[in-house]
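Please find one structure pasted underneath; my questions will follow.
All chains are identified by letter, namely A, B, C, D and E, in their written order; residue positions are counted from 1 within each chain.
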Amino acid sequence: MIDIDDSPLCRDGKVLILAYDHGLEHGPVDFEGVPGSADPGRTFEAATHDAVTSVAVQKGVAEAFYPSYEEDVDLLLKLNGTSNLWMGEPDSAVNCTVDYAYDIGASSVGFTLYGGSNHEIEMAEEFRDAQEAARERDLPVVMWSYPRGQGLKNDTEPDTIAYAARQALELGADVAKVKYPGSKSAMEQTVRMAGPTKVVMSGGSKTTDREFLESVKAVIDAGGKGLAVGRNVWQRENPHRILDALEQVIFAESTVDEALAAAE
Amino acid sequence: MIDIDDSPLCRDGKVLILAYDHGLEHGPVDFEGVPGSADPGRTFEAATHDAVTSVAVQKGVAEAFYPSYEEDVDLLLKLNGTSNLWMGEPDSAVNCTVDYAYDIGASSVGFTLYGGSNHEIEMAEEFRDAQEAARERDLPVVMWSYPRGQGLKNDTEPDTIAYAARQALELGADVAKVKYPGSKSAMEQTVRMAGPTKVVMSGGSKTTDREFLESVKAVIDAGGKGLAVGRNVWQRENPHRILDALEQVIFAESTVDEALAAAE
Amino acid sequence: MIDIDDSPLCRDGKVLILAYDHGLEHGPVDFEGVPGSADPGRTFEAATHDAVTSVAVQKGVAEAFYPSYEEDVDLLLKLNGTSNLWMGEPDSAVNCTVDYAYDIGASSVGFTLYGGSNHEIEMAEEFRDAQEAARERDLPVVMWSYPRGQGLKNDTEPDTIAYAARQALELGADVAKVKYPGSKSAMEQTVRMAGPTKVVMSGGSKTTDREFLESVKAVIDAGGKGLAVGRNVWQRENPHRILDALEQVIFAESTVDEALAAAE
Amino acid sequence: MIDIDDSPLCRDGKVLILAYDHGLEHGPVDFEGVPGSADPGRTFEAATHDAVTSVAVQKGVAEAFYPSYEEDVDLLLKLNGTSNLWMGEPDSAVNCTVDYAYDIGASSVGFTLYGGSNHEIEMAEEFRDAQEAARERDLPVVMWSYPRGQGLKNDTEPDTIAYAARQALELGADVAKVKYPGSKSAMEQTVRMAGPTKVVMSGGSKTTDREFLESVKAVIDAGGKGLAVGRNVWQRENPHRILDALEQVIFAESTVDEALAAAE
Amino acid sequence: MIDIDDSPLCRDGKVLILAYDHGLEHGPVDFEGVPGSADPGRTFEAATHDAVTSVAVQKGVAEAFYPSYEEDVDLLLKLNGTSNLWMGEPDSAVNCTVDYAYDIGASSVGFTLYGGSNHEIEMAEEFRDAQEAARERDLPVVMWSYPRGQGLKNDTEPDTIAYAARQALELGADVAKVKYPGSKSAMEQTVRMAGPTKVVMSGGSKTTDREFLESVKAVIDAGGKGLAVGRNVWQRENPHRILDALEQVIFAESTVDEALAAAE
């Protein structure tokens, strides 16, 4: 962990990542409800919203769309990722080197670690290479810390999520992206374990505005530093409105009611 | 994805790759109907046809034949490939480095990814190395994106093919070579998923002229950018005639009837 | 083994490492009794005690906390380590390169070897790389030498622990961190096997002050050179008091009674 | 494939390799009939015969014997090879780098590929490295192309041998060393598949002079470019005589009767 | 094989290696009879005997003890080795690079190959790297050539030992360390197979002076070039006396009776 508050990934020490690697991880099915959402340009457009500190995409999407948005959007290059056509023990291909990410304009990088997978050790060593290369380029490092694999009974247990946040700290991530552990107190424990590494909640499947904002609010109240959100933004017909509300909750520390009102 | 319209692989933004790596992938059996087709020189000769934007071959064939055709033919070096003597979970050997491909005159490179194979992750990482090396040389990258392997029930399902096209975009290919998903509307979905990555249809087994041209026409009408064709050209006694017709369909946007007439 | 008596890891030829990588190796459960112990700052604070020659942490904790303590604490970077979310045959990810450890201020490095594991050979080769890189930087090398794995019936047998100490000598470690083999005479045998490589006892689970100090005293009397201790220090409400006592036993060669008295 | 007619491996476009790596591949048993044959010096002596274009040996034999023969013998360094003490799925260790082969005087290199083995992909990638390194040194590349492994029912089937020859062409070998497919017409098919890559027959087990020469003659008549022979030369009491005859068949294009007469 | 007669490993073309890596390979059990033998200094002291051409140790022992003996002892760095805590298919970790061995003063290197093991291919490739690096430093290479593994019924069969010696020649070792094949005539066959590579006998378990010297004498009479001996020297109370006798047998070509008399 190093101090990243002055990096483009942060605004007032908080983070709102708009994640859009679902085309690789989940495939076309994630775009079904809102067909226009298959177009990465629509997500880059949404990412110009002030609330968004960075957009997280895979290399190919970055190459194709970032050049048109480099003035208005901050690029987090997600370095690894894999299709779900493959169904083995959780693992992820490193699709982009840090040097290449830097060359195409990334100002931070992301990396998934599946703690508990039979590939954990290999992934941790790939993370090491990425993290040390990122340090040379002064790029903040976000770990998607998702325990998963045959040894894990329940990957949404609070203790597991707290452990995942700790792994991010111990291995040198600057931000830990973890699942919501179900309650504010569990989130406080997770934040405690991460120490100075910023914890952000992973947005997950699409829910109602209120439900979603309440979990984000709990994260912030628990000391979390923000959100990495995908489907809950770009699967909505109007991504702008929910981003308005998120801006209120995360950066203005408004209540959920205030946020919903402001976003009308 | 980067802009490749000015590269030799494209003509008016369209692509017609004459693929000839069957000697490695399938062996002598593919040359049985037209014995002369075993001679790579015959395919290079066909590739001098204006309709062909590039010929796709393995390293050894390129070394032996490209020097005699470098004025008239554009070389796409297929970087990986494997014999079917081997019968394990789909995988492919990287037989040529990008630097070597460049040195012997390639102006673009091709790479197979078997999404869904137990080797998908390893192949994706090999693709990364090839793609980034190709970027250094300004060589367009074509992905043969073919989901295949024990986890896949049906590799010709439209959703699978659309996913394959998306993988090409996400991982940074400039052209996605995919199977024909069976209908124009399925092809439209595939093209949508690929975003700005050009989608070209894989020619497949030899069929009648009309059947073949109708599927190519559907690809073009669906927004596809062309074709990578092998057996449907060089397994014909007269490759020239079908190339005349393909030129009409792909570049002149003629109807199939017009194309067949023009190629009499 | 090289002479490390003049390195910051030693004081009068003795070693007292305060180990704090439990957040990675064991997870949040180790911090339960004393919640404040989850904060690495508390352990760095304890490490300012004169008794402590070095604090041993993983890369991320070092990056975050060492800069505030570099005047008062000596950093031993633990190069490998793995979560216990993963449950395969013992292995450990190399999370930090020696060069990076050096760059962030480490004055020595640590490395776990699981002798007897199916990964022993791979780990030994990773150790080789680390050891030779450490030699270039003049960083002493501590081996956590812990036989473990399916081939081992009993990893706390005196013969196994003596063998572990010998491995440290043979492979080029300067300090061997081993489990307490149960008696002073067994420890003497372990020390004999290690030759000039310094043997330090691994602290293990928390026990009473007297029990703990008596095992440390036996180690010193047997020719051991000190201790690497974690939970027996930072799981106490007052780490300072037990460090006072350890200083007496290890460096002043006091009796346990004297040490307990001095630490009142 | 590149033009190697001017290289020392060829004489009038033909090739006669005296292969002597049996000590590694088969062990002492191959030397039993003619004990003197265990001495590599005897084979180097035979290789001074004008008929022999190159002697093919492993690194250690080359280091020990080539210096005494560098004026009179041309060295083909066989880069990979394995003992038959090991009995797994066909594979071969790369025992020598191309750079080292070059440094000790090799003017060409040899490499075994077991198409169809579960190690085919790994071997093909090792071949790639060797082939590209050989190109940098202008060393012709001979592929020992031997389909073998659990997926293969019959590795002496004509189609399999033709496929093996094609692999050599596609992967960039200049010479394909294959088994004799049993008839002149099958050999013609093999030669056709190899295109401009020269096909040479692998000598195989020792037979009578006439039988042996007749198969060589069939190879030449079928368009093959020569022979890589081991046991049929050095397992004879007088290697010179059979080399006289081979020179007639291969280079003078004599009949078998003429060759046998000339070699009396 | 290169000429090593002028290297410190040889004296009059003969070799007597004092091997002392048993602490790693076998563990403390090997030191039980003569507890002082656990101290590497005792073996280095023995190695100052004129009969000993080199002492063979692992990296860590070399680092610790060689500096005090560099005037009087010649160092053979054993590059690989593994504990017997691990019980898988025979394999060995490469614990030291050639460059590091050179830097700490080695004038020759040793490497174990387990022919017939499922790891044979990997070990042969590691040997290649070591051998070629050693050539750059002009360090003679000794192969511990020990067929072993699931495919081998009997690793002390004369044919297997002869094959092992041949592997050493073929792969480029300068000295082959093999087991005694049981008789002088079997040793002659082994020596014949090794060609110019020097064959030395592996000392094996401790026996009586006469038995031991008689096997050494048979090796010399069979054309072997000496001995690599460990336990038969340092497991004796007085290593000096047996070294006196070995000097007689190996370098003075005395009879066993003469040697025993001279060593009274």
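The rule we apply is simple: a residue touches a chain if its C-beta (ideal position, glycine included) is under 8 Å from a C-beta of that chain, and two chains touch if they have at least 3 such contacts.
None of these values were measured; they are calculated from a predicted model.
Averaging Cα coordinates per chain places chain B and chain E 58 Å apart. Inter-chain centre distance (chain C to chain E, centres taken as mean C-alpha positions): 36 Å.
Not a single residue position of chain D touches two or more of the other chains.
Taken as a graph of touching chains, this assembly forms a single closed ring in which every chain touches exactly two others. All the chains close into one ring, and from chain C toward chain E their sequence is C, E, D, B, A. Those residues of chain B whose C-beta lies close enough to touch chain D in the complex are 21, 23-24, 27-29, 31, 35, 38-41, 58-61, 63-64, 81-83, 85-88, 91-97, 100. The residues of chain D lying in touch with chain B in their complex are 1-2, 115-118, 120-122, 124-125, 127-128, 131-132, 135, 147, 149, 151-152, 159-160, 162-163, 166-173, 189, 192-193, 195-197.
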